[in-house]
Structure formats: structure tokens, C-alpha cells
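In the two complexes that follow, chain A is the common piece, with chain B as its partner first and chain C second.
Then we have the complex of A and B:
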């Protein structure tokens, strides 16, 4: 009996002690939601001097304006900027301006200015990896020729949070008719680590009247005054930006990286009319031959499947020969795209397309000998391109209604 | 046999004799005996004594004693008194009969009653009278003939109120043991079905019936149940909950280790699976033991619906148990510690909701949970008409008002409502209330340590459940210890042919956990009454076939 009473007493005591915990306000790292400032996007600019090297802008969600009943009709996001010698100092300086805890757990977009990217982004990447709140799945952008803060301070039509708008834009373009694809912090870090190469990062810029971008006026007109656009691929060598791929070159780069889901191809016919095709599947195989270590030979073989989307002429699309001719032309266009991409990156001496990786896999021993000089060797190595395209269907019609028109 | 045993106890009972009269209470003097009975029962107005003179050669004075409110008056009048007054009875003439005494003669020749025995023990006679039987006393004989005339009002067998099914039998147990036994016997017409009676409660002397199927049920387990029942020393048993609490393996646990039901079909099914049942007079709730965790997720209907649908329903029950114990704690942990785990768009929603709420999420959760419990508690015992009002006022008006006043976030109301509904999805009420208690603990842990605390809590919970035994069977069987054979009717419910209902008792027993010994539980956890008695006394006490009811004579 005595032991039982003792046990009961000790249980009671433990319960009592647990109750005391409750009276300690602010348990450990407990933060109520209404004490948090949720950051949706971060822009990092290069400051004018070393004292203010990092200029970090945080786009913070004002939840009340987005879904609250008691919204005041003001901007759905707000921007706080902190400066400092290090990322952490800048973050701390920005925190001091806000009434709440800056919470980085939901950062979806990270934009770095071109100026900073040309200088090198190693310092930034370390913080992104080290900070426990940050996600490695945050999307990475390079602000093209503009301060990165502009992208954070542009109001958007769809979705009240500009960062989300940017994310969704990227998702749409990567699925339909675009060469930009998702590049996350993790991809960038891995890209920096590739020997002789670097990451390939989406470019972003604000077009239109940038002075009106951050006011509600941007949304009041039917046609927005300023729009955030995704354009170009930034080619990095290690952690430094070297140049941009645009148009055909960018499309070629995305094709070699096997990231294309849908790509429009426009073919000019003999009679001057155009046929538009949609390449909905493409597969790249790269092979490496290393007979002479100094001169590796790569063969890029690409197979594509396409559909005819537009043919406003009298082509007889029921004729297999016609389709064959068109597919040959698609292959030619693709060939051109790949070649431009390869040549441009060779010029920039950066193996962002991942040829080194192929070589390492197929010839690990040879790779060891040349990997220190790889970027130089890559610039001069021979790359053969073989393209093949098949037209699978012509969508809802075969021939255009113009074909059998009575004369 | 009865006489022998009764006689041996006589000495014991004699000691507690009243002060006025010191001799034996059952005497051969009829008048004295009747006076003793009247005194013993405190001159009860419903005590009826009918004196008759047995006509014929013997001319003996006799008396029939019964309690008119308790006995079936028709039976007493027609069969007991009627037989005694029957002049033409052949026993009456048979004066030259052999060595048989008059009471034996009456017993063997006269009474038109289905059940009657000679009783020499005063205590037993009193008990019989108090149970509604009629005692016949004869001048010159210190023995009584006890006739079964139990009657009195009892509830009709009606539809179950606590465990409803869409498809299945619609009868349910009532407060009378005899009726309940009949409901079971009607379902299992097997000679292997065993029934034992005992009386528990020093004052109430409640009839308790123990039923099991010989060979199918584990003999050790049956012994253990008998032993524990015998060791109960308590004034009164008013409900099977009393017994449950006294014989369960562990007191300090929220989990029930004995199943209870008011459905005869459930009882029959469990008997066939080798379990033991305990019926207590005065309650329609019958105990089934041993009971493991998965059993509380089974419903009677599971076996009348298609098996695939049942599997889905079972899954939903398990999920609702998880929702029940973890719902509010996950909400609290997510919003106060792990905001990064909430999808961004949902987070923005939550943020906007929480913007003007004055309380921390933990306080909010506790407030709402307690409010819900108050509502539930208020609604349970309300008369049915008002009960509806309570739930409407509580759920709708209070819920909406609280949100509009900005005290609680709408999502919290959703979470609480969800856990509330989840608690009703669990078929066993006693497991649902266990879940409710555990839920508070988890909310507390989540408020203090976030998911870290919740995880620790889960580990402790599972460890605790593993420590539980129900009459030697591990509580989490067939998951721990894992038995593949035993999975046939847990989360899954295989088609009946796959569950092999025609298996032999040996096969049935093989499905039970191997290597587990029937124990007297964790001795220190047993109820004090049973614990105290289990030291030393192993004889089994007063268990056994208490005479009177004939089902156990098979």
C-alpha cells in the first residue's frame, strides 16, 4: 500500500511539474502564427560598397489582405530591405524593421541581380544551405540587367503574391512552349560543383513601366503597366555568370538537358507559308568517345515526336511523303538549335550542358586525366549532332479545308 | 450434494444468529421457523405466508413462504399451493411408502414445479425467498423445499440502443440473466456450451453467469476467470462495470481490456471464437474477455456486410481513432512549431484567420475541446427532446458565435468538430472515451514540444499498450506479437470461407498468441480486493455450481 501511495504521489508530482511548463510563456521555439511574417520571395542585390555588400529584400505576405475578412485594401505584400557585410547581417537588419519574426520556411523564389551573379554567388549559396528554415526547393532566378528588387516589387494580376506569380509562370512555360524549366537552389549548388561547368539559371526581368510596377495602378489598367517576364538562361562558370543563352541557343540547351515538355517549331515552306509544329516529346542520348584524351568526340542523338498544329495552306497532309518532308525540316531546325547552344557554351568555356558528366561515366579513367583542364578541352571538342523527328499526328484535322477547294 | 455442502456451512451461518433467539433458525417447529423468517426480513409487508394443512393420513401443517412482489404469483398459487392442497395426489395415499421422509415424498410426487430442491441451509433458504422463490416448510421437519417461482416484472427484449446496426439481429440483452442466457442458448445449440452461476456481492448476492464453449475456450483462461470472480469481495454488484473493474488486468490505463456488449449475436460470435462471457444480473451489458485492441474496432455488422466494404469501414474506424487522438495536437504543433510544413496557400489562410485571435493555438484548442466535452456531457443525459436542442445550440450557434466573436479560428472549430465526429465513428464507446482522454495529453505535448512531443507521446502510448494484457493475451495481438494467421479479422476482414469458421477447437486455439501464459495479470495492478485475496487463498472460495438453476447440470 505504501509503495502504491508513493507511486501515486510521484505521478501527481510529475503532472504538477508538467503543468508548470504551461505557465512558462513562449515555450522554447514556439511562435504563434500571428507573430510570424511569412516571406514569400527574396531578392539579393549587390550594394554599392563592401559595408553594404548584401542588399536583401524580403517580400512578406500580408495575409489579411489576401484572404482576411478585414482587409484594408492595401498591398497584399510588403517589402523590407536590409543591408550588411554578410547575408546574416543583412537579414538581421531587415528583421529589425519588422514587427514580427521573419520566417523563411515558405520562400518560393530567390532572385539574384545580374551584377551580383557576375561577381560570384558562393557566399549566398552557403547561407541558403546552412539556414534551417530555407528550403532547397526554392526556385532560383537571375534578374536580367535589373536590380533584383524590381521583381519583388511588381504587383501581379493573377495571384496576389508576386512570388507565386513568378513560380506559376515558370511552371506554365516549362510545360507549354518554353525553354525555361525549374531550377531550384539544390540544382544550382550541384551545378556550381560540376567540374568545368556551372549552373544554368533562368533569367527574369520586369518589362514595361517599372516606376508604376509597385503600385496598385499597375493592376488598374486592362493591360498591366509592368509584367514580370522569364527570359533567357544564364550560363555560369563555377559560381560566376558568364553570359546568356537566348532564343534558339536557350531552346537547344534545354533540349540537351532533356527538360523540354512542349516546344513550338515553325517551319517555312517553299511557297513562303508556315507550318507550326509542336514537339511534345524529345529524347536526347549523348555518347562520348575518348580515343585521344585531348580531343574527346561526342555524339548527340535526338529523337523527337511532333504534332502539326497549324497548316494554313494546301499541303496534302494525308500524304506520308509530305509529313516526312516536314519532319525532316523539324530535324533541321532542331539541329540548328542544338548547334547554336553548343557553340555558344563552348565560346563561354562553360560546360553547363553536362558533357563532362557523360565523359566521366563512360570513361572514368580518361576523365581523371583531363578533368582539371576540362573547360578548355570542352571549348575545342568535336560534337556531332544527329537529329530525327517523327510527326505522329495532325491534330483534329488531316488536310486543311482549303485543300479540296473547287477551283 | 447440495444438502451436504449446505450442511457443512451451517456452523458458520449459525454464528450470526439474532439476539432474541439463539437456537438454529430452521427448526422442526414450524411456528418458530416462520417467526424467524419474519424477524429476519424485518416484518416485510410483501412477505406472504400461506399455511395449509396437508390432508390425508399425515395431517401435517405446512407453510409456503414467498415475497409477493418478487415471485410469480400465478406459479405460487397454482403449482405450489395448488399441489400441496391436492387431495388426490398419489403421494398422499402412499403412507406405507419406504424410508422416504415426507419432504422427499412431496418433492418426488407432489410438486408441479419444474425446479424444486430440498434445502437445509438457512442462508440459502433466505436467499431463495429473496430471489423470488417459494419455500415450503413442514411441521416436524427442519428442511425446506425451495420451489422456483421467480417472477416479477422485467423489461421486454427490445432493439439495442447502444450498438445499432443496419443489418443484423435486432434483439438485445435485458436486465435478467435468465433471459440473457436464453438469448445466447437460442443461438448456440451446442452441448459444449457451458454455463456456470455464481453469486457475487455480500449484500446484493447478484447472480453472475459465466459462459464459454468447452474445448474452444482455453481451459486455463476459464480457470483464471473463475478464480478472479471468486476473489471479488464487495458489498454489491449493480452493473457489469463493477465486475469489469475488479477483474481487469490493469487499473491505471485508459484502455478497456474487457469488451462489453448488449448484443447477443456479438456474444455468440465471441463464444465461438473461444472467448468467455460474464453475464451480470441487472444489466444488459455482458462482458466478453479476453479482449484485445482490434476487437474494439469490430462491429456486429462486419459479418453481415460484404467483406470488401467491411475492410473499408474498418480502415475508416482506425483512421478516425488516429484523428481522434492526434487531430488537435497536430493542428497545435503545426501552427506553433512547424509552420513550414503547411502548404503556402493554406498557411496564408490560417494566418489571416489567426490575425485577430487573442489566444495561442494551444489555449484555443483546449478551450474548444473542453467546450465540446461539456456539450457532449450535457447532451448525453438530457431527455431526448432537449438533447437535440443542446446539440443544435452547442454545435451550430456556439460554434458560429465563437468564430464571429473572433475568439476561435474557424479552422479550430473544424478540427474539433472532426475529432468529435471521429470519436463517434469508433464502434466501442469505452475505447472512444479512452481516445478522448489521450487526445488531451497529446494536445498538451504538442503545445509544449511540437511534433517532437507528439512523437515521444506516441512512443510512450505504444509502449503502454504493449504492456497491457487481457487475461494473459497481449493487448496489441495480433500485431504485437505479430501473427500472420491472426490478421484475418483485424484491420482486414477476409471472406468467411478464408477465415475458416469450421475449424476445430485445436485450430482455433492455434490462432492465439504463442508462448503466452495465462497469468493473473500484473498482480500489483489488479483491484485491491482481488490482490489481497490472491495472497494465500487459492482454494477458489465460493465459486462453483451454486444450485438452483439447472442449466449447468449438463
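Then we have the complex of A and C:
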């Protein structure tokens, strides 16, 4: 009797175990690769009314065109647009047009139109944070004076996927010759939350003939008809765009945020000729003094290292004094950059450069008293700048060659 | 009680039990960016409380909690109290099951029914316990290595991808001690270290009476340091605000890993840590309840295994309509119910044991 019961029990157990195989065959959530539409970039524009507030365009990779024998020679990416009262509704409306599941796990860039940014981007951010497929490493851009969709519908020369091209452009410019640096989703969220300040976001725009940008003709001419360019830094106050930093001011802002790797500096000498230098290292230290709580004083100290890249004049670069003079001039240029950056953000009354955080870290008590009025106080606070530059070397030549130099 | 479990195994299972769900959730965030300090404080309190349990264990090295409860309180109070403890352990197991499966559903499996995830998880736990507590502790040894390796790997990757900004932890104690104290009082003195009460049921298996509790205390300290480190890491990557709003902060933290666009999307590691942690948490509570049941009712340990698994499964499913409700209820339990079982009753037992020991000592000597 007992053995029979035992046998029955073990048969039951085996049956149970076999049943588990049923649940292991396929996950509920699996979506095979050939049923996915991988989104590489997203553009968000402001629609005409509240019903269509969010106009989201998804740049979707056509996998067959990227690689594989089934390529039909059509565009490597495609664009679907959805509209809605919320981000999620717009996304749902867009995915109704596609044959496959929109897969948001590989979104590399997110472009928001300037018009929308001026109105405020808070409504956009929540879904980006909440959605578990999205990654925080998605890069943010503000489309400068153009609809954001233009950046998504421009074919690019390098790389078949325009979004990847934009990412690579940002990476290259942030490593060389540029003030733009990576701004990811969480940077923007933290930026929005900084008291009296906001995020600093890269600007992007399409130059050239925008009407021809979305056809393959853009790539057939040697000189592309339209090019995506990264330019300017958008200054936000809370979640609203207030203005742009360009050129010197943008470089200064990136310097203060310690994000610059390489920066060209052009100096005008007394005789009117130019010397080009490459600043390849800058280190910033910001200190805050809070003797009078209403008037904090900041000191920005920056040390830079540079190399001479171009000097087509008769300067004697073998003379240390000459190099010293040039480095003083580099310091002056940097001083100018920092000052423009600070003055222009003070004018916009937005502490995007992070002085408030410095104050909070060094004087937490005093900070608490003034943080409600911080943007006003920032606009009038005194910021002292001390710059220092060292020229480390003159590259492969010392003096420049001279035409018919008499002995 | 013929089974003897070595010290290393006990160390590893304590470590995994404590890291469990606590590693992936936002722990002690009432203290803002000082969460790591409140976890450290909680650890110290946890060790002190555990030394109380250790005192009881040293007094009765052969008995479980339910065993000496009956010895100290007598039959008529002892049996109901032991029963309450068994219910507590089953309830804790059910709550952790709900925690784990909901987190999995939130993080990765959006369409899979919660019931299926829970069923698979509780069945795997029941299977291991069917093999015995010894097997459970040996399994934990393997998984401790995996969890630690994942931890080291992820920390290295975060460092290399330059996402760690230690200044986000500054200024330390901006608002003084009060937020830390509040966080400790609300959460950290009970969670996760108060849950060590379940180990009073396992400790009779210790192979070394003298050293055993010290090894477990060392494991509590280690896990406290690891938890504190992880929370500091989370905050230094994302900032205190995002961490406090994320139910699973480790997921977005890991998603920041990107090494030259080549090594990225390693969030599967977090899911692994989550599953491993939840598994051992449920397993320890479940084992504690099973040992209690078999001892109290004189039933063989394995016979009640699957019925109890069903009970745990259904408590976990019926416990709340959504995760928010579940967490809110957990907060209330943590405040009002658990301290009775974790602090009050053991304290009474300790006093009684001390009195009895004191009385009987001269006679024996």
C-alpha cells in the first residue's frame, strides 16, 4: 500500500515537472529580432494644439538596408510620426503605423525643437525616465530654430544611420576643437532640478538645402546638400529654454564645467599676425566665499596647457620670453571666454554653470538661507577669474621659415 | 538535528540573505544623500540585536527559537507564540516573493503574469528546501561568488565609463543628524537587519557553537558595508533625487555603463542579482517556517513543504492590489508588527533565560 502510494506520488511529481516545461518554452515578453523595429533616434516637436501637443518622430533602422542581401537600395532609415496629448499617446499613435514593435532600447539621440524647449520640457522627461526600455545614456539635443524632425530626416555621409552620425559628431567635437559635450537623460533631469539653474544642452541644426536632405541625392554629390551641425549651447532656466551661448561664451561655459578636452585658441599678435594654439588640458577650480550671505564671491581659477600649432610669422619661438608672452595672451583669451560665459548666464538669470552647487558644498548653512532667491543673487554675484596658461611645446618646428631671410 | 552546517556556508547564506532585495531597492533614502550613513547605523544596530539572539543561542545551543520559547514561556504561552513566529516567517516569505516578482515584472517582464513568475520562483525555492537546508547553504556559497563577481565587475565598469561623481555625495550631513535618525528609525533598524530573527531557527545547525554567531555577525557587518557602498555608488552616479524616485535604482545606474559603445546594456546582471537575492531571502524564511512547523507539530519536514509553498504563494498574490499598496503595507508592518517579534519577544526571552540561567547556575556548580 505504502509503496503504491509512493509510486503514485512520484508519477504525479514527474507530471508536474513535465508541466513546467510548458511554462519554460517561451517567455511572455520575448519579441524576436525580426519582429522588432529598432528606433535609433527620436525627434519631438510642438504640435499646433493641446490635442496634438507632442509630435514625436521615430527614426527607425531598416535592418535589411544596413546589411544583408535583401537590400533594395532604398533609404537605410525610415521615419514615423505620431501625435498625442501625452508622450505615450504619441508613441502609441506612431507605432500603429509600423509593421513591427517599436523597440526603444537603442535610442541614441533625442532632439527637441527650440519652440518646445522654450515652452518647457518637463512633460517630455517623465516617460524617458520611467520607461524601462529606454536607457539613460541617450543623448539630448535642442534643434536650433528648426523643427526637430529635420535632424531626423537628413541622410548623412558617414554611417548609414543618421542618429549614429550625430552621436559620432558629438564625440569627435567633444574631443577636438569643440565645446559641445555629452548630455544624457539623467544630466538633463538633474539640471532641471538645480536650484536657480537648469540644464545646458547642445544645439543642433541642419544647414544647407533642407528640402533635399531626406533623399539619397543628398549623398550623391561630393558636397552634401545638407549637413547636420552641432552648434551652440542652450541655456535653460528650470525646464525652459532661455537663450543660447555661442562661440566664446559656449567655450567658457564648457571650460567652467570642466568638459573641454581640446580647444583651439587663436591669438592676435602686436604686428597683426596670428598664432594658433591648441589647448589640450584645462583644469578648473571654483571656490566660494560667503562672508556676506547676500553677496557670495566666487573665484574661478583655471590652469591650461597648450601647444603651438601655427605661427607663420617671424616670432622667435626659441626664446622662452616669447612663449611666455604668448601664454599670457592665451590666458587673456580664456579670461575673456569665461567672463562672457558668466556674464551672459547672469543676464539670463540662470545658474547653468553650477556655482550654486559649489556654494552648497562649501557653505551648506549659508546656502540654505539664500537658495530661494539664488537666481537673483547669482545674477549680481561677483565672480573673480584667474587664468594661467603654459605652453608646453611648439610641435615639430621651432621658428617658422622666412621668405628670403637676409643673413 | 544531525545536520551540521559549516561556518563558511553560514557566512555566505547570511550575506546573500542580507543583500537579498536590499541591494536593488532604494534603501534609507529618507536620509537623502546620506542614505549610506543610515545604512551603516542600521548595520550597527542589527549586529547588537543579533548578539542578543546569539546570547539565546549560546544558552540553548540545541534549540530553535520556537524550542526555547516553549521552554521559557511554558506550554500555554509558548505554543501560541511559536505559532505566531511561524506565521511571521511565512508572511515574510510571501512578502519577499511579491517584492521579487513585481520587481522582475517592472524591470524586464512586462507582459508575464505575476502569478507565473511567483509560481516559478516559489517552486524553485521549494525544490531546494526539499533537498534540505544543507543544500540551500551550499548553493548560497556558489551564488555568493557570482554576486560578488558581478558587483566588482559592475563597479569597475562604472568607474571606467566615468559615471561616478563623488561630489554628488557632498555635503555630508547637510541637514544634520535628524534625517539620518529618521531613516534609521523608519526603516534601517528593521530592514534588512531585523530580519535576522529567522536565523534563530537555523542556528542549531551550526557546526561550531562558540564561533558560529561571531561568523554570522561578521557576515552582517560585511553585508552592511556592501549595502552602504552600493547606495553611495547609486547616489554618486545618479544623484539622490533620481535614486529616491527609482524603485530599483540599480537598474538605471547600471544602464549608465557604456564603454566606448561596446560594453553596454549589462542590466541583465542586476536582474540576476535580484533573482538570486530574492531566492535566498524567500528560502531562509521558508526554511525557518518549515523547521518551526516540523518541530512544533512533530511532522516530518518535507510533508508540509508544498502546502506551505502554496500558502506563501497565495499570501504573496492576495497581499495587495498593486506594488504601492504592498510597500505601504510593508512600511506599516515594519513599524508596528515586526518590532514586537524582532525586538520585544526576544528581549523578554533573553531576560527569562538570564534569570533561569542565574538560578540554575549555582546548583550545577
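In this section, the second predicted complex is superposed on the first by the 375 of 407 C-alpha atoms of A that agree within 3 Å, B and C clash if a C-alpha of one lies under 4 Å from a C-alpha of the other, contacts with A are read in each partner's own complex, and residues count from 1 in each chain.
Everything below uses one rule, namely that a contact is a pair of C-beta atoms (placed from the backbone, for glycine too) under 8 Å apart; a residue touches a chain by one contact, two chains touch by 3 or more.
If you're wondering where the values come from, they're calculated on a predicted model, not measured in any experiment.
> Based on the superposed arrangement, let me know which partner A:66 touches: chain B (first), chain C (second), both, or neither?
First partner only.
> Given the touch rule stated above, what does A:105 touch, chain B (first), chain C (second), both, or neither?
Both: A:105 reaches chain B and chain C.
> Where does A:193 make contact in the superposed view: on chain B (first), on chain C (second), on both, or on neither?
In the superposition, A:193 touches chain C alone.
> So, does A:32 touch the first partner chain B, the second partner chain C, both, or neither?
first
> If we overlay the two complexes on their shared chain A, which of chain B and chain C does A:40 touch? Say first, second, both or neither.
Once the two structures are laid over each other on A, A:40 reaches chain B alone.
> Touch test for A:49: chain B only (first), chain C only (second), both, or neither?
After superposing on A, A:49 lies clear of both chain B and chain C.
> Which partner does A:361 reach: the first (chain B), the second (chain C), both, or neither?
So A:361 only meets chain C here.
> Which chain makes contact with more of the residues of chain A, chain B or else chain C?
Answer, by number of touched residues of chain A: B.
> Touching A:18 in the superposition: chain B (first), chain C (second), both, neither?
first
> Quick check on the output: what are the common chain A residues between the chain B footprint and the chain C footprint?
After superposing on chain A, chain A residues 27-29, 105, 135 contact both chain B and chain C.
> With touch defined as at the start, can you tell me which chain A residues reach chain B in the complex?
Spelled out, the residues of chain A in touch with chain B are 4, 18, 21-22, 27-34, 36, 38, 40, 61, 63-64, 66-70, 103, 105-106, 108, 133, 135, 161, 164.
> For the complex, which residues does chain A have touching chain C?
Per the stated touch rule, the residues are 20, 23, 27-29, 105, 129, 132, 135-137, 184, 186, 189-190, 193, 357, 360-362, 364.
> Please name which positions on chain C make contact with chain A in the complex.
It is residues 106-113, 116, 119-120, 123, 167, 170-171, 174, 238-239, 241-242, 251-252, 255-256, 258, 264-265 of chain C that touch chain A.
> Taking the touch rule as given, give the residues of chain B at its contact with chain A in the complex, in rising order.
Within the complex, chain B touches chain A at residues 335-337, 339-340, 344, 347-357, 360-361, 444, 447-450, 524.
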